[in-house]
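One chain, chain A, appears in both complexes that follow, with chain B as partner in the first and chain C in the second.
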Partner chain A sequence: MLLKKSDQLPSPVGRPWLHTLLQNVWVLAALAAMVFFARWLENPDHFNAYYFQIVMMVGITITLAVSLQLINGVSGQFSLGHAGFMALGAYLSAYATKTYGGQPIAQGNGDYFSDPGGVMGYFLALAIALVVAAGPMLLIFLAVRQLRRLSSALPAVGMLLLLAWIAMDVVVASKHQPVPYYCVWTHGWKGCIDLFNALLRQIPNLSTVFGHLSLSARQPLSFAIALLGGGLVAAGSGLIIGIPTLRLRGDYLAIATLGFGQIVQVLIINSEPLGGAVGLTAIATYQSIDEDNLPQRCISPWIFGTALIAFLLIWRLVHSSQGRAMKAVRQDEIAATAVGINTTASKVLAFVVGAFFAGVAGGLYAHLNGALSPDTFSFIYSVELVVIVTLGGLGNLWGALIAAVLVTLLPEVLNNADRLPHMTSQSAIRFAHGLAANRRVVYALVLIAVMIIRARWRDWVHGRWRWTG
Partner chain B sequence: MIAVGYTLVYGVLRLINFAHGDVFMVGAMSAYYLQNRIIRAASHATPPAIVLWIFHPPADSTWLGFLLVLLASMLICGVVGFLIEFIAYRPLRDQPRIISLITAIGVSMLFEYGGQQPWAFGPDFKAFPPLIPGIEKARDLLSIGGVVIGKIDAIIFGTTMVAMVGLWFVVQHTRLGLALRAVSFRFDTASLMGINVNRIISFTFVLGSMLAAIAGVLVGIHSNKAYPLMGLMMGLKAFIAAVLGGIGSIPGAVAGGMLLGLTEVMVKGYFPHGSQYTDAVAFVFLITVLMVKPSGLFGRHAIEKV
Partner chain C sequence: MALLEISNITVKFGGLTALSDFSLSMKSGDLVGLIGPNGAGKTTAFNVTTGIYSPTAGDITLAGHRIDGQLPYKINHAGLARTFQNIRLFSNLTVLDNVMVGFSNSAAHGLLGTFLRLPRFVNERTLLRAQSMELLETMGLADLHARPAGSLPYGGQRRLEIARALATRPKILLLDEPAAGMNPNEKIDLMHLIGFIRERFNVGIWLIEHDMKLVMSICQRITVLDHGQIISVGTPQQVQSDSKVINAYLGEPA
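After this line comes the complex of A and B, so read on.
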């Protein structure tokens, strides 16, 4: 059979990477321009610290929004725990640089983040701890799954055993009011927390093993390790959380991920090494020393670089075969299974990649602000991210990016409406201020309106003014 | 014990109504704003002699006033629930459930942040008035057959039981309840049977919101405060309780609520610093149940047909 030349599909024979690069060259250009813009902003002559902070937050929000878009929009799994992943990344990387980061400038050493070996060791130890913690959990999960095929009564028995365990804990704990020893079996939940804290305190000892790896490019390398480590821990916890919960559908998944976010928050609040309810303060903000011995804010390439990498990577992922599998899962999970897609794998992939970038964004946030408070990473922050993603259009990466910029910038612009040029009308300024003060109410209204219009506009355009579906 | 109060509803609703906790908040708030007016009106009006004979109203807080406040806030919440359903959920009935879920989060945000604004309730804690006579002596303990419980807990438990019996009666023994159960099986089949599905769903929302109002008033009395974010955690926990008991089953929701409430109280009581962990424990509970038995303790397993 003869094919005309135009019938043949263009095949990326030869240099697929070049093909990809050329396809995305304008994406690269736009985001690289943003990086240069951010570089320009760093100069204190151009922008004061307040504006700098806002623009950096835009970059972080872009990363978060794009990574959440992968989970919520592209693969259609409704996650409300994004702030939890962000918190994990933020706290763990901040703890790493705080503990192993060398002396701050004020004490004359002049080199932040100067101990990459230590930071690396910390994350290696943390990874070991994660595997140790995850192993039994996954085993239990798999065992339950296997046993369910044998007998349908077993889950109920399991629940009863769990309740008996809790009751036993209560009895034991009431006998020894002050918990004498960290024992998970006899002290249940409280024991878990204590064990977690104890592990965290043990980590410095472990990391001295790795502490003598000295590396040449000290400063940025160690920061990169801290960020990557935070991201990897978030991704790992995403894997552990994702495998059992992603079997759930829609609203159940939303609540389970929300629960994960709450659990992370409670863990942090009750963890003394991580600052507890007060928060972690005096985190070294990422700075370098220029010729005049002045600290320079140079976190912006990191932030916008991460945004760029996140965007490009997720962009490529969405347009790969894996991305198409995710979209198929979003459309109809049963149909996707029927055409041979491993739905669990593609959902977990989306979840893990999203969690990874959320963790990295959290690390950047920690080193931008220099202080962390557990209140920041509440359920409300997750909801705000969901609002951004939804307003941007579910499944649309560009939409998420634009919505992230708008939602971060608009309140600040409206708050400072009186300083805008040509803004003279008093009532307009008052209106802008009111809008900024009520911004969450406005988000909520816009969200509801967008959802309704999205559902009904086809009817309305054709002149059928129906309200009910 | 108070857990029973806030677990009433999800059994009937198919949709995960995030805004439910906020209806609950509206209930407490409206009771807060109404109580002065109603109690004054109630003490000026001359109630039927039999009511006087039963309740012996003292000066500032009366059983009659309590009942009137309860009814009024139920009315308000019923209207609010109806409006939420009509404006936000009805246009999305034929959409995927995720869409309704996002809208529900939007509605919930609207109430939480709207409620915090100065033109609404304001962000501060409101001191909730003692509506039930003799509540000042809330430490009073009743001893029933050797079991000692606080008087206020007894009142809450009693009110909840009355509400539950009422709900059970409505759902199982009225035509409306029959229609409601039919709709909860299948929308389209029910509408083929001549049931006005929209009306029934509105009715479900009104009923659920009224129960939320009762819970709101009771919790307000129990904790002596009302604030705009009070619905957030409560709504989530009510959902957990409903999942625990199996969504779609009213006795399951009650049992789930009791179980969750008891667990929380025990964690609070027996563990050092236990009160900090109660929220996390609730969610661990939820995730465990979802992993082990997704249909809940009492729920039927829904078979998905292609």
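After this line comes the complex of A and C, so read on.
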């Protein structure tokens, strides 16, 4: 037989580990170079705070754009919930470092990173509580799904009844004190929250694990744990949201993901520990302590390192068999499933990886700004990211990167038009300011233009352009 | 023992019975035809076998395992691959990528292998490319491997769709009207190709086709469907002389 399983064949490449080494060693070198370069970049003499902020936002936007490109462009699932994933990462990592990151030990606010164990404990407690809560929910969900054996409409009816029961339960519980024994759901959630709090009390034990490390080692470690934790929470929520919603197509999926973004925003606005509508303030901006025991800005290698790693890993994913499967699903779902691709798994993978990097980018954003407001992560921000991805060309990672840089820089350049060299015309400056203020209108117009031109640029080149048909 | 055993399958869409009481049995390496007038339920039979529809009643087993009502990709993993009546290639992907998608099922490197380009990934990638090129060579498409699949001529697209299905290492290949839209010369080529595939890859072939000359000359057995019902089963000679078949195609004698 001609076609053999690849595991039955001998290794086709001499020294495959050498390929692995060569493909990864430059990444480490690049990350090291970034740390080195950060000294120059973050010296306030070279960049003032405003320029620094813009350059850092470019890095964060690249991460967001590339991760959204994986979802919207490569796997072709139109998501409008990217700001929601970012918000989850931002708020949870910021809350973790702020509350459990340790006590200030030097002047300034760069000291909330002295206790990696606290941050790690927070995310561990969160993960355990979520698993305990999600287990019974998953069982109920699977049981409801079995109803489809009886009739295809029954699962939907079952879910509706279940949701109605939960809603009634919560309403009744909120009106009675003490909560009646028959409010099963409310008691269940209270139990999970109690478990979470009980687990949090174990954090001091975890802190001692890292106690022997020096401060300069504990700081990056706790920041890394906070970022990873935020990313993993976002990825987990991507998994939970993705499994049911990715069965939807086109507009329906867009609406479902939009709904997710709104839910996250509403949850944050109504959450007292996360600052509510006012926002979460006094978050430590990431700084390390230098030789003179002074706080030193050093977030740039984190931001651009994340951008590099996000781009690289997503690039590798796209150019692998998993990525090929995603592209196949985008092109023709029925054909893809007929050649043996688990289409749901493929879409969920894109969603989860994209959500993870959005969460990490959110964590970076929180620790760059030092304050979070729920308004930042609105639906409009998701749309802005979709605009970036579309301008870059769906499925094109380099395009997303370039568009991320341009769309982040352009409003700032226009806002500062009066400071550009040779810019003397008052009306031109006013026009630039107007453009920056109304940039969302401009995005919409540019998007429409891109759609029209991209579809017919060949006609344009050959002089056969017509506005209709 | 039969490799593919379809017994008493019924498919209903609301009040419409698209297929009723359909049965078929195939051994390894069989070449079986399925014919019938337009709307007889031939493609429905394929769709229910490959899991795109769930049967209303009846069961399907492949090598002793029940596959009816399974998800299409699981049925493909079990050993059924198909082509489509209206070609469904991944037309923006290259010819090579199309075939590699079919092969990818067997890729064993996990996500970590992809992210870190672990030795396993490097090996698999090289193997995958080599195997895919070999398959394209066999199917006479190797020169076109870098072209987008959508840019191939019609006959090439048909061949590529068969190649993509073969890449999933099927035990049985389902071809839905492979000769549709081909000229007589291309049809003769296709006839040779089907025979060649059967020998070379040792697959059973189940074929829907409207071109009687092609069906009658290559199939060992033929099932005839009309209005969702089997009206005749047998060798090409038996089917050709069956009065029910003639009536179905030409109408009742006056």
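The rule is simple: the second predicted complex is superposed on the first by the 343 of 469 C-alpha atoms of A that agree within 3 Å, B and C clash if a C-alpha of one lies under 4 Å from a C-alpha of the other, contacts with A are read in each partner's own complex, and residues count from 1 in each chain.
Here is the rule we use: contacts are C-beta pairs under 8 Å (C-beta built on N, C-alpha and C of every residue); 3 or more make two chains touch, one makes a residue touch a chain.
Just so you know, these numbers come straight off a predicted model, no measurement behind them.
Contacts of A:I334 after superposition: both chain B and chain C are touched.
In the superposed model, more residues of chain A are touched by B than by the other of chain B and chain C. Shared-chain residue A:S321: touches chain C; no touch with chain B.
Of the two partner chains, chain B is the only one that A:V441 touches; chain C does not reach it. In the superposed model, A:V461 lies in contact with neither chain B nor chain C. Legend: residue contacts after superposition of the two complexes on their common chain; A:L248 is shown touching chain B, with no touch to chain C. When the shared chain is aligned, chain C comes close enough to touch A:N342, but chain B does not. Where the contact sets of chain A with chain B and with chain C meet, they give residues 334.
Contacts from chain A toward chain C in the complex involve residues 1-7, 9, 11-13, 16-17, 19-20, 23-24, 313, 316-317, 320-322, 324-325, 327-328, 331-332, 334-343, 349. Of all residues in chain B, only 16, 87-88, 90-95, 97-99, 101-103, 105-107, 109-110, 113-114, 117, 198, 232, 236, 239-240, 243, 263, 266-267, 270-274, 276-277, 279-284, 286-294, 297, 304, 306 touch chain A in the complex they form. Those residues of chain A whose C-beta lies close enough to touch chain B in the complex are 76, 78, 141, 144, 155-156, 158-159, 162, 166, 170, 173-174, 177-179, 189-190, 193, 244-245, 248, 250-252, 254-256, 258-260, 262-263, 266-267, 269-270, 334, 379, 383, 386-387, 390, 437-438, 440-441, 443-445, 447-448, 451-452, 454-456, 467-469. Residues 50, 52, 71-73, 76-77, 81-82, 84, 88-93, 97, 100-109, 111, 114-128, 130-131, 134-135, 138, 164-169, 200-202 of chain C are the ones touching chain A in the complex.
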